[in-house]
Structures are given as structure tokens and as C-alpha cells.
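Each in C-alpha cells, the structures are laid out below.
Look at the two complexes coming up: chain A is in both, with chain B in one and chain C in the other.
Moving on, here comes the complex of A and B:
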């Protein structure tokens, strides 16, 4: 393996890893805030990809320009989902864990079925975009622009998330996460914080979906694989840790890229799951999670 | 300022309070006394909107009985709860600022900080420390400080002396005395009867969820029969 190969594989791993990280960040944020695993996370990614596809086909909007719109759309959808579904699931007193699992699981199945009904099962891709078939050359490394843009967008989205979490609102979010009862005593409306937190999580996956749609095929099942990687990323990075999700996402992207390069592309997930099992055995709280 | 009439409440399948009535006037310190399990904490939680309740609670001219807890807090009725319920992973500074979060539109929202630091100078030295690493006494100071940051008209304190080193208790009670202002009242639940009665203007005695005695604090303190019968002193 030459140095050029090494750089090429590492750069590809970094770019896809940033997307994995952003998808995982949304999942982790929601879990950290309200102790709910959103099993529909992958389907929300799928929804964002179809929305990007539709905007492109109907209005000729480039995925790059569509990204902020899709982010807003998924944020708003997250608010509606929280108020309409999650808030109820959080207040049940009987079989609470089961209700919370099945409400997001049911939502996932519904969204997948609805996508199949509306768009059919065939694979789609964005017909035309500015960056398609363009590549950037960095020394010996050649990177397709859509992937490069997606990585940059994911990185910017992360910066934005960190800024939000450092704001006054982020502090209230952190407080709600630490003691969801006590925040009411200082006048914080927990339901509002939960709804906004859920929206932030779905908004993050919306950005990832729009960026991914520029170069990845779109189908009703596309979310499943990314969701699986996101669960692994969150577990690896430590539940609820945003920095953990970023580092674990990049790590998984790299491990996947190098496994594909060294073994064969069809085995690319082997390394990732081997790493996952090893971390769970040696450090169950994840690489960056605090010990309970 | 606060008028409670016929308040009943408690937990699912476990009613604790039975037709409790009490009032607090502006500038007063009122103590609620009683043995363990008399319902003192439950009473404060019911007023703060944290648990199911029926009856009538009026505060600053408004009927707040059915309000959610966060709305009651925003109106200026703050409970410093049992066990303090700080945000242990956040810094002292963040805990204090969060007290003012609900008033984030107001330009003077951080103004109560001056008063907090005047009352509890050691909090200023601990600003960057995580709240969970403070001593029991400092945590109680922070809990009261966070409460003052909400700019309350009525501060309800649940067992502020619990788990605090004896030498800090006097300091704490002096601070509670200083918190009382012409327009700001304190409703205090306390196990330390002598100190609480010395501090309060009036007191209620709660037994098995009912008010069995009320009056000026010094009369209750002076009556050995009351102390024996209801307070186990």
C-alpha cells in the first residue's frame, strides 16, 4: 500500500465518517435528553433524502441549496412528532419502556411503507446537480465533490450543534437532561425543551439526508443500514455525548474504508462490528461515555 | 400574597393532605412545623404544582391551582426543594444563570446575582466548580441562590438545614432572615424547631396532613404543651 493509497482511503473514510457522525449526533441528542431510542431515525433520514429528491425533480433545486430547507422541514416534523407521539409515550405509566420502543418502531414501519406506497420500491438518485461528476484534487488524493461537500456540510452542522449547545438554550437542555423534574421549579417548560431537542435531533438527520442524497441511491429501505451504523456509533461514542458521536463516527468511517480496502468492499462492515464488539466487551460505557 | 384554602393532595392512591388552609402575607416568614411524615414536604410540592392537588390556591391575586409547575415558578413562587435538586454536572455559574433562564428576555435578569453573592460570598469563589462537588452547606446556598435568580415574590424552603454542618446552620438562618423583604415572603419547612420558631413571624403545625395549630411563632415556642403534644420536643 502506497502513501497515496493510504491518504486516499483515509480521506474517503473521513468524509463518510462525518456523515455517520452527524446521523449519530441526532440519535444521541434525543437519547441523552429524554432516554428514548428513536427507532425511526433511519426512516427520517430516508424521508429527508426523498424530500431532497423531490425538490430537485420538481423545482430543479440543487441538493446544496435544499439542505437548509430540508433541515427546517425535518426540524418542524420533529416538533410535530414529539407533540403528537412522543409526549404521550413519555407520560404513560404502564409498560413505559415497551410503549416507547414500539411507538418509534411503529413510526419507522409506517414511514417505510408510506415511502414505498408513494415512490415505489425502485432505487432513485438525484438526476442533476452542480457538483455531480466533479472531483477535487488534493495532491495525490482525488475526492468526488458531492462527497466532499457532504463531509463539509456535516462538519458545519456539527459546529452549529456545538454552538447551540453552548447557548442559553443549550444550558437549559443540559439541565433538563440532568433533572427533568427540577427544571420546572425554575420556570423551564420541560415539554418545550423536549420538543425542541427532538426537533434538533431530527433536523440534524435532515441535514445528513440532504447531503447524502447528492451521491447516494434513495430507496424506502435506505435508512436501515445508516440507522444501524448510527446505533453502533452512539454506543461506541458513549450515549448522549456529542463529541463522542463525532469521534466515533469518524473512527467508524475510517475502519470501514480501510476494511474495504484491505479485505474486500463487501466485507466493509466487518471491521466496524468487530470494533464495536471489542469496545462493548472492554468499555461498555463507550469510548467517551461517563461511567455510570 | 399566598392563600391556600381546603387544599388536599398527595400521590396516586395515597392522599397526604386533608383540607389544609394557610396564608402568607408580603414580608412575612411563616414556618410549617410537624413530625416526620406529617405532610410538610407534600404541602410545599402541592403549592408548587409538582403533585396532584385540589382545593384553592391563590397567589398574587391569581388562582394558580391548576397551573403547571413551570408557570407557577415564572409567576414568582419558587420552591427550594428537599434534597436541593441542583444540576450536579453543571457549574455553579450555570446553575445560577439557569435560575434566570425563564426571564431571558429581561435586560436585568442577572441583577439578583449581587444579592446572591452578598448573602453567600463563598458561591462567588466557587463559580467554575461543578455543583455536584460542593459541600452540603454550599449546595444549599446554591439552591437558594438559584431560587433567588428566579426573582421570586415568595420563596418556599424545604428543610434547608438538612445535611448541613452545624456551624453553617446559623449562617443559613441569618441568610433566610435577610431574604425576607417588604415585598418578599418566605414559607419555611424545618426540622429544627427552636431555630425555625425564633426566625418565623407565624407558624402552622401540621399533623397527619391537617393543620392542628396556628399562631404567632413566639406563642407556639412559649407553650410547652403544644411543643410536647405536636412537635415531640
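Moving on, here comes the complex of A and C:
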């Protein structure tokens, strides 16, 4: 095992970690805003991947170019889902927590079944893209361009999210999060803010899905591979914290890569969950979470 | 209860419908009365149904070849027109759906034997369902023909009514090591080290266990032994370990999604193992070849069937054409085996000259079919005392020019293998 090997593992961990972070960011945003854990998050990722695949097949659009379109599509889908499902779930008065869990969980199962019905169970992948099978070299470290592009896109998406949260809208979002009832008194439309926030969260996962589709296989169950990691990332970074999601995503990517390389690959989730347990024991609110 | 306005209409609709169904099943029964009923248990719905429906088409193709008049096909019972020693009797397939569930498979096998009075059962894709079906068959003393179950333990349970036409996993892996030995002598560049990578499931564990035993017997060191988590988001670190190990031959046991991921991850690191010898599964799927495209060139896998071995097995084109007319697909490793299982069973029934179960078992035991009389690249079909076909010799296939072609053994090979080890 040489220093070059370790640098390579670190680079691979960083690139996949940035994607974990972006997937978690959408989840964290939604949770922070409306206290809802979206169990269909992985399935929204899957939908974004299929949308990228279909756009590529129908119009020959490269995943790189498709990314903004997919983000918009998922944003719109988020608005529709919020208005059609989430808004209702938020207004129930009995057993609200359970209703929210069942609604998003049911949505997940529905989306998975619908995808299998529409696209079949087989594994798809985008046959050709600009960056496919190209690699950049940084000394001894090889950086595959599709992953590098995905990492950069994730990073840019984070910058964009930070900017949005610093704008007037971001402040309204923050205020709504702080006190849902009081904002109504100062003329903020809570429903509108919630819908836009939900759309922002699904839009973020749309970007991640489009970037991922360039180099990953696509199947109705693909979301599950990433969803579990996203939940851990959110809890690790602190619920509702964007910076926390970014740091925790990269951390998990690195821990996973190094556990697989140094210990045994079948235990690669061990490192990730050990880290999670350690953080929960020492800092239950997560790395960047606010103390309750 | 009062009649609602719609109730009467619905009642009559149901009556008409059930009458229609009854008439249909009675018509089917009347036409098939003198035939020889053979049960077939496969997953026809749910998980595994794609494979089960292909199996159904394969068995129906073979039944059609046996039963109907047609230009002769150069293989055993390829003349058509029924079973000659039974006055041209026809075989009749009765399908049952296991839903890929061992308990449902058991119940369906029992139903086929006690209610449909089948003379034998063919099955069943997964070894877990074969375990229960073959137990039921043994209890009722009806032959179970295992067409495509590959777990070695199935034929090691002392069942008297178990017959497996297909090779099992140990035979498949043996073919890989036979190939290493053969290519080493032929080229003077034998493999000197192996790397194993396998998923953390019963498939990966069994496959790698046999590979380790045979590697030890062949004095081939295993320089990387990697058990990985199936369905991971990334296999980059695993690929990095493989690159660091520098083995001559990589032997993966993975399903389609991980096979795609692994090939891409290795390529992204600029790593190309000198040779890849896969344990079937994901590496032979169309989705895999489509996804990794040119990266798959040179990948080898074991197979029980060789579609391209037309020179050695002249029946293949005619049989494949009939199968494709039914399913829209070419025969593959599984469907070839399923079709052949029915051929072997029908031959035994024909030689027994009767459907008596003891006579049928004696005929199966006495089976001795030359491989050239089948579509399979095997030496032949001959059962040992455990019911295992000891002449089911698998082939090694390699992706050359974007498709799998047969490279070993030389008797049925259509292409010379690409071999970059030691160059």
C-alpha cells in the first residue's frame, strides 16, 4: 500500500462524498423546514435518473446538459407533491407524525412500482456521454471525468443553495422554520414558502440524479442504495443544516472508502455507522445542528 | 339481503364468465386425454418470472418438436410425430407457478402429482425451490428432473427420484480451472495468480468457496480475496484493492448491477486485469454488455450452452428458430438446459415404453445420450447413482467482437481465446 494508493482512495471518497452531500442536502432542507422526513427521497433520485436516461434516449441530450432541465422538472414535481400530498399531511390533527411517515413511505413504494411498470426491472445505463470513460490525471491520482463533473456539479449546487438561503426568500424560509405561526402575522404565506422549500429540496436531488445517471446504472430500486446513506448524512451533519450536510457527506464518502480499502469491503458500512454512533453519543444534535 | 339494481346483472355476468372458463378447461381436457402429462414448476409470476416465462417457452418448443410432424431436426426425438415406442403418444406439459417461493413450489408439486397425475416434474430455476419440489417428488416416487438448478448439495441428499441433466456449480468452476490448465499448456503462459471478488450472499460465498478449494488444488495463489457488499453506491475502493493486487486472472461473482459498477470502477482507475473469468450471473446479461460496451471485450464466463457451436451441434439453428418464434429471444444458458431436460425425460419415457414410475426410473438410470444428439455442448447425458449427469461438461465463453462466443473446450469452440496473461 503506497501513498499513491491512499491518495487515490481519498479522491474517490471525496467525489462520491460530494454526491452523498447533495442528496442529503435536499432531505435536510425539507426536514429543517417542515419537520418531515421524506422517505421517498431515494425514489425521487431514481426518477431524476430515469428522466435523464429518457431525455438522453429521446433527444440525445448529454446528462451534463440535461442537469438544469432535470433540476427544474424535479422542482416542479416537488411543488406538485407538496400541494397534492404534503400540504394535506401537514394539516391533519390526529397522529400527525405517523400520517407523514406513511404518506412519504407510501409514495416511495408507489414510485418504485410505477417505475418498474413503466420501465421494467432491468438495469439501464446511458450508453454514450461526452465524458464517459475519460479520466483526468493528477500526479498518481486518476480522476474519472464523469465523477469529477458530478462532484463539481454537486459543489456548484451547494454554492447556489447557500446563495438562495442568504436571499430574501432564504430569510423567509428561516423565519418560517423558526415559527410557523408568527410568520403569518408579518405577511409571509407559509404554504407558499413550504411549497418552494420542498421544491428546492427535490430540485437538489434532481441535480444529484442527473449527475449520477452519467456513470451509474439505473433501476427502479436504485434509490435505496443512496437513501440510507442520505439519512445517516443528515443526522450526522445536523438536521436542517446545509453546511452540516456538505461536511457529513464528504466525511461519509471518505470513511466508507477507507474502511473498504483498509479493512474489508463487506464491512464498508461499519465505519460509516460507527462514526454515526460516535457523533450521536458525543454530540446528539449532529455536527452542525442547533441545540434544542 | 335485498337485490340491488346492479346486483342481478353482475351475478349473471359472473355466471356467464365462469361457465365460459369451465367450458374452456373441459375442451382442453377432452382434446388432450391420451397424452402423457408432465409437470413443470417454474416462477411464472413475481420475482424470477422473466426466467420462468422463458423456461415455459423453451419447454413448449421442445414439446412441439416431439409431438408435431415437421421436417426432421438432427437430434434425439427430432423427427416429430410423438413418442415412437408409445404409438406416437404426445407429451402434455402442465405448468405450475412457484412464485419463486419454496413453500408454494412444494404445494404446486403436490397438486401436480395428486390431482394432475403427472409422470414426472421438471423444474425450477432456483435451487431453493428445487429442494422442496424434489422432496415431494421423492415421497410420491415420481422423478424430478432438475433442468437448471446449480447448487451441488441438491444431488447429495440421497434422493432416489432426483435426476439433474444440468451441470452444478462445482462442475462449472472445474471448467474454469480446466481452461486455465489448457491455455497455460497451449500458450506457455499459464496464470500465476488469481483475485477473487464476490458479493456477500449465499451465491458469492458458495462460488468463492469452490474457487478457493480448486485454486489450492491447482497451486494457484489467491492474491486478493475480496468479499464486498452487494448494491453499494460505489466499488472504487474495491477496484483500487484489485489494482494493487495485480493478479493474472480476476474471478468475479456478481449480479448485473455490481458487475456494471465493478467494470467501470476498474476502468476509471486505468486498471485492466489481464484476464477476467466470471461466474456467469451478471456478466452474461444483455444489460451488462449494453452498459459497459467495449469494456466487456475479453471477459470470459462459464456456460452450459453454446449458441454458436452450430458445427458441432447441427440441431441448434432449427431449434433456436422455433424457440425464437415463441419468445422473440435466442436460446441461452438457462433455456437451452430446460429444453434439453424435457428431451432427456421424453427419451426415457419412450424407452420405458410405459408411464409406470418404476420402469421410468429404470429407463432414466439407463440413459446414455451422445452430446451430438442434443443442442448442448456436453459430452452427453449419463446419470451417476446420485442422479447427477456426469457428462454435462460446461463451456468457457468469451466476449469477442461484442458478443459471447465459445472458446473452450476445443471440440466445440468456435473462436480462439484472447489471452493476455504473461504478455
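In this section, the second predicted complex is superposed on the first by the 291 of 292 C-alpha atoms of A that agree within 3 Å, B and C clash if a C-alpha of one lies under 4 Å from a C-alpha of the other, contacts with A are read in each partner's own complex, and residues count from 1 in each chain.
Convention: a contact is a pair of C-beta atoms (placed from the backbone, for glycine too) under 8 Å apart; a residue touches a chain by one contact, two chains touch by 3 or more.
Since the structure is predicted, the reported quantities are computational estimates derived from the model, not experimental observations.
Trainee: Check chain A with both chain B and chain C modelled on it and let me know: fit or clash.
Mentor: fit
Trainee: Mind working out whether A:174 is in touch with chain B, chain C, both or neither, as first, second, both or neither?
Mentor: In the superposed model, A:174 contacts chain B only, not chain C.
Trainee: Contacts for A:58 in the overlay, against chain B (first) and chain C (second): which applies, first, second, both or neither?
Mentor: A:58 contacts neither chain B nor chain C.
Trainee: With both structures fitted on chain A, tell me whether chain B or chain C touches more of chain A's residues.
Mentor: C
Trainee: Figure out whether A:265 sits in contact with chain B (first) or chain C (second), or with both, or with neither.
Mentor: second
Trainee: Just to be sure I read the superposition right, which of the two partners does A:186 touch: chain B = first, chain C = second, or both, or neither?
Mentor: The answer is first: A:186 touches chain B but not chain C.
Trainee: In the combined three-chain superposition, what is the angle centred on chain A between chain B and chain C, taking C-alpha centres, to the nearest 10 degrees?
Mentor: Superposed on A, the angle at chain A reads 150 degrees.
Trainee: First (chain B), second (chain C), both or neither: which does A:94 touch?
Mentor: neither
Trainee: Under the stated touch criterion, which partner chain does A:282 make contact with: chain B (first), chain C (second), both, or neither?
Mentor: In the superposition, A:282 contacts neither chain B nor chain C.
Trainee: Does the superposition put A:142 against chain B (first), chain C (second), both, or neither?
Mentor: second
Trainee: Can you give the closest approach of chain B to chain C, taken over C-alpha atoms and in whole Å, for the superposition?
Mentor: 37
Trainee: For the complex, give me every residue of chain C touching chain A.
Mentor: Result: residues 50, 200, 226-229, 231-238, 240-241, 244, 256-257, 260-261, 264, 267-270, 285, 287-288, 290-291, 293, 295 of chain C touch chain A.
Trainee: Which residues of chain A touch chain B once you look at their complex with the stated criterion?
Mentor: 168, 171-172, 174-175, 178-179, 181-190
Trainee: Under the stated contact criterion, what part of chain A meets chain C in this complex?
Mentor: Those in contact with chain C are residues 1, 5, 8-9, 12-13, 16, 20, 121-125, 127, 133, 135, 142, 144, 147, 215-217, 219, 221, 224-226, 229, 256-258, 260-261, 264-266, 268-269.
Trainee: What residues of chain B sit close enough to touch chain A in their complex?
Mentor: So the residues of chain B touching chain A come out as 48-50, 68-71, 73-74, 78-79, 81, 85-90, 94, 97-99, 101-104, 146-147, 149-150.
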